[in-house]
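What follows is a group of structures, each given as structure tokens.
Shared between the two complexes below is subunit A, which pairs with subunit B and subunit C, respectively.
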Partner chain A sequence: MENIGALAIMLAFCLAIYSVVASLVGAWKKKPFLIASGERAVIAVFGLIVIATGILIYALVTSDFRYAYVAAHSNRDMPFYYKISSWWGGQEGSLLLWNFLLGAYAFVVVLQNKRKHRAMMPYVVATLMSTQVFFLILNVFPASPFQMLAQGKNIVEVQDGNGLNPLLQYWTMLIHPPVLYLGYVGFVVPFAFALGSLITRQPGDQWIFTTRRWALVTWFFQSTGILLGAGWSYAVLGWGGYWVWDPVENVSFLPWLTSTAYLHSVMMQEKKGMMKVWNIVLVAATFFLCIFGTFMTRSGIVASVHAFASSNIGTYFLVFLTMGIAFTIYMILGRLDYLKSESELESVVSRESSFLFNNLILLASCFATLWGTLFPVISEAVTGEKVSVDAPWFNRINIPIGLFLLFLTGVGPLLAWRRASSEGLRRNFQWPFVGMLALMGGLFAAGIHHIYALMTFGLCLFVTMTIAQEFWKGASAIAKKEATNVLSGMIELTHRNTRRYGGYLVHMGIVVMFIGFAGAAFNKDSTVEVEQGKSFQLGRYDLKVTSVNNGQTDNYVWQNAVIEASVDGKPYATLHPERRIYSQSQQPVGAVAIHRRLNEDLYINFAALSSEAQKPIVQVYIFPLVTWIWIGFWVLTVGTLVCLVPSKVKMTYARTEVVGMAGKHEKVAK
Partner chain B sequence: MKKWRNSLLLILMAGLSVAQTGDMVQPEVRRIGDRLACLCGSCKNTVATCQMLGCHYTSPARARISAMSKAGVSDEAIVDDFVKREGKKALAAPAAEGFGLAAWLATPVVALAGLGFIGWFIRRSRKPVVSAAPAMAEADVAKYQQAAERELSRFDE
Partner chain C sequence: MNRTMKFGMVITLVVGTLAWLAIGGTTESASYFKTIPEVEKMSQADKAKKLRVGGIVEPGTITRNGNTVNFVLKEGDWKMKITYASNEPLPDTFKDGSQALIDGRMGDGVFHATKIAAKCASKYEAKPGQNYKGTASYEKKS
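This part shows the complex of A and B:
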């Protein structure tokens, strides 16, 4: 069985190379059978990766500890679902997950474009399969999931495995890595089409229209993956930090920033035929930052809490990144004639300009995050001395950027295309601005003096009012015209232009998340050693440890503290924070108890028993408004889904088509 | 067998008790600790925010800050003392001096460069103002008109 798995990966590797060569030669020599053969090879590659994956999962589920990977990342007593999630618990398996998802995406692309984009497809396939070749190299050579445990020449089996890292035995970890990978891997598709468009000198925006949904869906997966990771960190690490600017967190954030910038600037290309070079740069940057993120997570170049799978495969990534970036730059520079703008900017105060500023801010944040992540390495290389760049630095740089972005979220959508009049500006922004100032003044008078929190709340109201205004104006006009109510008008309005109004909902999701982020300014915490039956206080809560209990499951032994919380003498909640020791790894892990409410979370970690008196030591935290981060995610999800629904009214934009400089290039391939 | 193993684990859990010293965060520890990185190697928090109970770096660091503060040592002197002991990595953010200045200035410089680029882009891509003045001198226009008339008169012949 193990030989079949290894063979399947090896064959997939060979066929992926064949697919690249067949597609390129087929396009060059104009041989349709070779192009078709290259596309069929994509299907075969995916089939072989499915076989390899199936074999690894079977080995994990049946606890076949002859496999080194199974022995290192699984054990007999683990629940079934965690055995499956061990697939991505280690280096080799998570690379196989990359290959699996990449193969699946390539498979779908080939099926979707059987009769479309025939000129571009060989290059799209070549790009997809070149990336696949790279990741298969890793699974075939330095990180094979099918290595067997051996003694001399004999394969041996250990009694039980080491088990999955206990920190990863949490429900969001069942879906966080695959979802994040769906976002990371997914951007290879827009990138492949962009590159295909460049190589075949496509003049228009075919690649944009083809990959619009891909980009949106993969962006959504990136957002979901990041939020799931934040949720895991909040609930598992024992101190409620959902974002600490750890290098691995940062590198997942970088492609999200560039893809968000792309989703905005692409509208300029669709509507005005502008920013063509820039959009290709953003798609390429997103793709390479995804690869860079994987490189950072696995190379061990920077120390990280999350680097579960660091190793020495960094060189492979560096080679791939260098070659890929060099080729992309070469292609962009060689095709500048085809990427000329078709329109002109008429005013600085216009929707077009707001997109430029939005892109600037997103990329400034991207740069700041990348710079802060790499600065310790750069500084050590330059000065020979180590420095730390921790959360205070990132917060100081990124919070003002984030607030400005929030401001633009409110301003941008209300500016008219081409030119905004001063009368229009006054009409659109007068009340949101008044509302913002009134709220900030009111909160200040109420005793909230944290400047960033005040600004965040004010801007959140500003953006909410601008969005509500947009919905209200459109919906009431429809309601009046069609003699219906405003709610029906709102649904009709959204259906007529799902991208626009879905986009507003996504913005609303971001606003709601910012409310949650601002709550961090008012966090409270306390660490106390308390006798059973005695109370202590934090904020408005009286907390009493009533008992300490022990127990066990097949996978771990546990000890919990029963803590009763009351407010003003009235019972509020009973929480059971727990400490666990996992049987195979013998690693102690806390399982915090969280009482979630819209206004604040009461979060308790049972840290230890004191060595002298064996009294429970508990860490208690109050996290105001944090639940709004997760609510914001659901609003963002609804907004993205609305964006994906086809609009009732088809938007067309009359534009001239630039077909490049006559005589300099070949005939345009359509 | 499993029962024995779990009993041993329970004993191990009891053994994982800690002395509850130095983990309470007093206001001065929070203020000064916010400027100092936790160097335990497994977190990206500051001495003020590290929540690992009995952290081998943060716990003694907090005790030290507390003791020095009580002895009347200023905040700056306490921070300097940590830098003297651990090097610049003791600071949670690079000092705004020497190469550390680059950490702080790079983002604003890049953002300003981006702003400059946008300014250039807007100027370049704005619609040109149509000038009322003719693009050619009158003498040139007359010269081309004469040439055109000459060519046209040949067709008449």
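This part shows the complex of A and C:
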């Protein structure tokens, strides 16, 4: 069995190389049969990876501890679903997951484009399969999931495995890695089309129209993956931090920033024929940052709180990144003629420039985050002294950036193309601006003096009002014309231009998340050592430790503290924070208790029994508004889904079709 | 003022502000990676800086009372007393013998930690052939 698995990976590796060669030679010599066989090889590669994956999963599920991988990442008593998720619980398996997803994406691309993009496809296939070759190298040579445990020449089996890292035994961790990887890997497709379009000197924006949905869907996976990670960190790591600017978090954030920038700047190309070079740069940057992210999490070059082992695969990644980036730069420089902009910026206050600033600021955030993450490496190279920067440094830069972005979220979509008139500005922003000032004044009077929190709340209202205004204006116009109510007018409006109004909903999701982020300014915490039966206080809560209990399951032994919370003498909630020691790994893990409410979460960690007095030590936190982060995510999800519904009215992008200013300008030939 | 100038000014303003924030922040939040012997040899002035020290938690030295945790960190024969008083719980991976990275400052011969990261990842990354259970080999990540 294990031999079939290893053989399948090896064959997939050979076929992927064949596919690259066949596609390129086929395109060069104009041999359709070679191109076709290159595409069929893609299907075979995917099939082989499926076989290998199936064998690994079978070994995990049947607890076949002859496999080194299974022994290291699974154990007998683990629940079934965690056995499956052990697939991506370690290095070898998670690289196999990369290969699996990449193979699946390539398979879909080949099926979708059997008749389309014939000129580009060989290069698209070659790009996809080159990446596949690289990741298969990792799975074939340094990180094979099919290594057996052996003593001398005999394969041996151990009684039971180590088990999946207990920190990963939590529901969001079941899906966080595959979802994030779907986002990481997915960007290879837009990149492949961009490169294919460059190589074949395609006129126009074919690659953008083809990959728009890919980009949006993979962007959504990236967002989901990041938030699942944040949710996991919040609920599992024990201090309620959902984001601490840890290197591993940062590198997942970097491609998200560039892909967000891309989703915006691509509109400039579609509507105005501008920023063509820039868009290719963004797609390429996103792709390489995804690879870089995998490299960072897998190589451990920067110390991280995430328990990933350091390993020797870093060099492979560096070589691949260098080659890929060099080739991409070479291609872009060679094709600059085809990427000339069709119009230029006219005014600082215009839709175009709001896109420009959106991109500038997203990239600034990306650069700053990358800089901070690599600071130990950079400073060691420059001064010989290894220096790191911590979370406050990242916040110091990224909070102002976030606020500026929030501001642009409200302003940008309502600015006119080319040049905004002062009349238009007044009409669009008068009331939102008044609302913002009123809210900020009110909150200040109510005793909230935290400047960033005030600005966030103010801007959130500002953006919400501009979005509501947009929906209202459009919907009431339709309602009047079609003689229906405003609600169905709103649905009709959204259906007519799903990308625009779906986009507004995504913006709304971000606004709601920012409300949650701002809550962090009012966090409260306390650590106490208390006797059973005694109570203590934090904020408005009276907390009493009523008992400490012990118990055991198949997978771990546990000890918990029962804590009764009351507010103003009335019982409020009973929480059971717990400590577990997993039987196979002997790893102690805390399981916090969280009482989630819309206004604030009460969050309790049972740290330990004190060394001398054997009294429970508990850490209590109050996290205001945190739930809104997760609600914001659902709004974002709905928004993204709306964007993916085809618009009822087909938009023809005559390049100067400008909202509110139609007919004033001459058309620019496409 | 022409268009290019205007754009140039706005962009310079934005980038300049961020650069200013970044540089100002670096001096404030920089912490220096040092080994325990290096810290021992440092001058008083240097010891006042924020430091990040790595080592292994000496088994049997962890005591916790109230919100304070004390333990000894060692690297080879070098040892250092650490005290940690914070409302942020220690990571679950922090235990006897785990490899820890500790941020904080020196004071009165004791290192006052503000943040502790720990790992015993080697356990999950056992190499085939080796007795993977129990013999955690501490892979150093520089």
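In this section, the second predicted complex is superposed on the first by the 650 of 670 C-alpha atoms of A that agree within 3 Å, B and C clash if a C-alpha of one lies under 4 Å from a C-alpha of the other, contacts with A are read in each partner's own complex, and residues count from 1 in each chain.
In this section, contacts are C-beta pairs under 8 Å (C-beta built on N, C-alpha and C of every residue); 3 or more make two chains touch, one makes a residue touch a chain.
Treat the numbers as computed from the prediction; the structure is a model and nothing was measured.
After superposition onto subunit A, the modelled positions of subunit B and subunit C overlap sterically. By the touch criterion defined above, A:Ser422 reaches neither subunit B nor subunit C.
In the superposition on chain A, A:Ser353 contacts both subunit B and subunit C. With both structures placed on the common chain, the touch criterion links A:Ser585 to subunit C but leaves subunit B unconnected. When the shared chain is aligned, subunit B comes close enough to touch A:Gln552, but subunit C does not.
Judged by the touch definition given at the top, the superposed model places A:His73 against subunit C, while subunit B stays out of reach. In the superposition on chain A, contact of A:Gly90 is made with subunit C only, not with subunit B.
Of the two partner chains, neither subunit B nor subunit C is touched by A:Asn154. By the touch criterion stated above, A:Met274 is placed in contact with subunit B alone, subunit C being left untouched.
With the contact threshold set out at the top, residues 238-239, 303, 305, 345-346, 348, 353, 356-357, 360, 364, 368, 371, 375, 385-390, 392-393, 396-397, 525, 527, 529, 588, 605, 607-608, 610-612, 617, 619 of subunit A are in contact with subunit B in one structure and with subunit C in the other. Chain contact summary for the complex, subunit B toward subunit A: residues 2, 5-6, 9-10, 12-14, 16-20, 23-25, 34-35, 37, 39, 41-46, 49, 51-54, 87-94, 98-100, 102-104, 106-107, 110-111, 114-115, 118, 121-122, 125-127.
Those residues of subunit A whose C-beta lies close enough to touch subunit C in the complex are 68, 71-73, 89-91, 147-151, 158, 162, 165-167, 237-239, 300-301, 303-305, 307-311, 345-348, 353, 356-357, 360-361, 364, 368, 371, 375-376, 385-390, 392-393, 396-397, 400-401, 404, 525-529, 585, 587-590, 605, 607-608, 610-613, 617, 619, 621. Interface residues of subunit C, counted against subunit A in their complex, comprise 3, 6-7, 10-11, 14-15, 17-18, 21-22, 24-26, 28-33, 52, 54, 62-67, 86-93, 95, 101, 103, 115, 117, 119-129, 132-133, 139-141. Across the complex, subunit A meets subunit B through its residues 238-239, 241, 244-246, 274, 303, 305, 341, 344-346, 348, 353, 356-357, 360, 363-364, 367-368, 371-372, 375, 379, 382-383, 385-393, 396-397, 525, 527, 529, 550, 552, 554, 556-557, 559, 579, 581, 583, 586, 588, 605, 607-612, 614, 617, 619.
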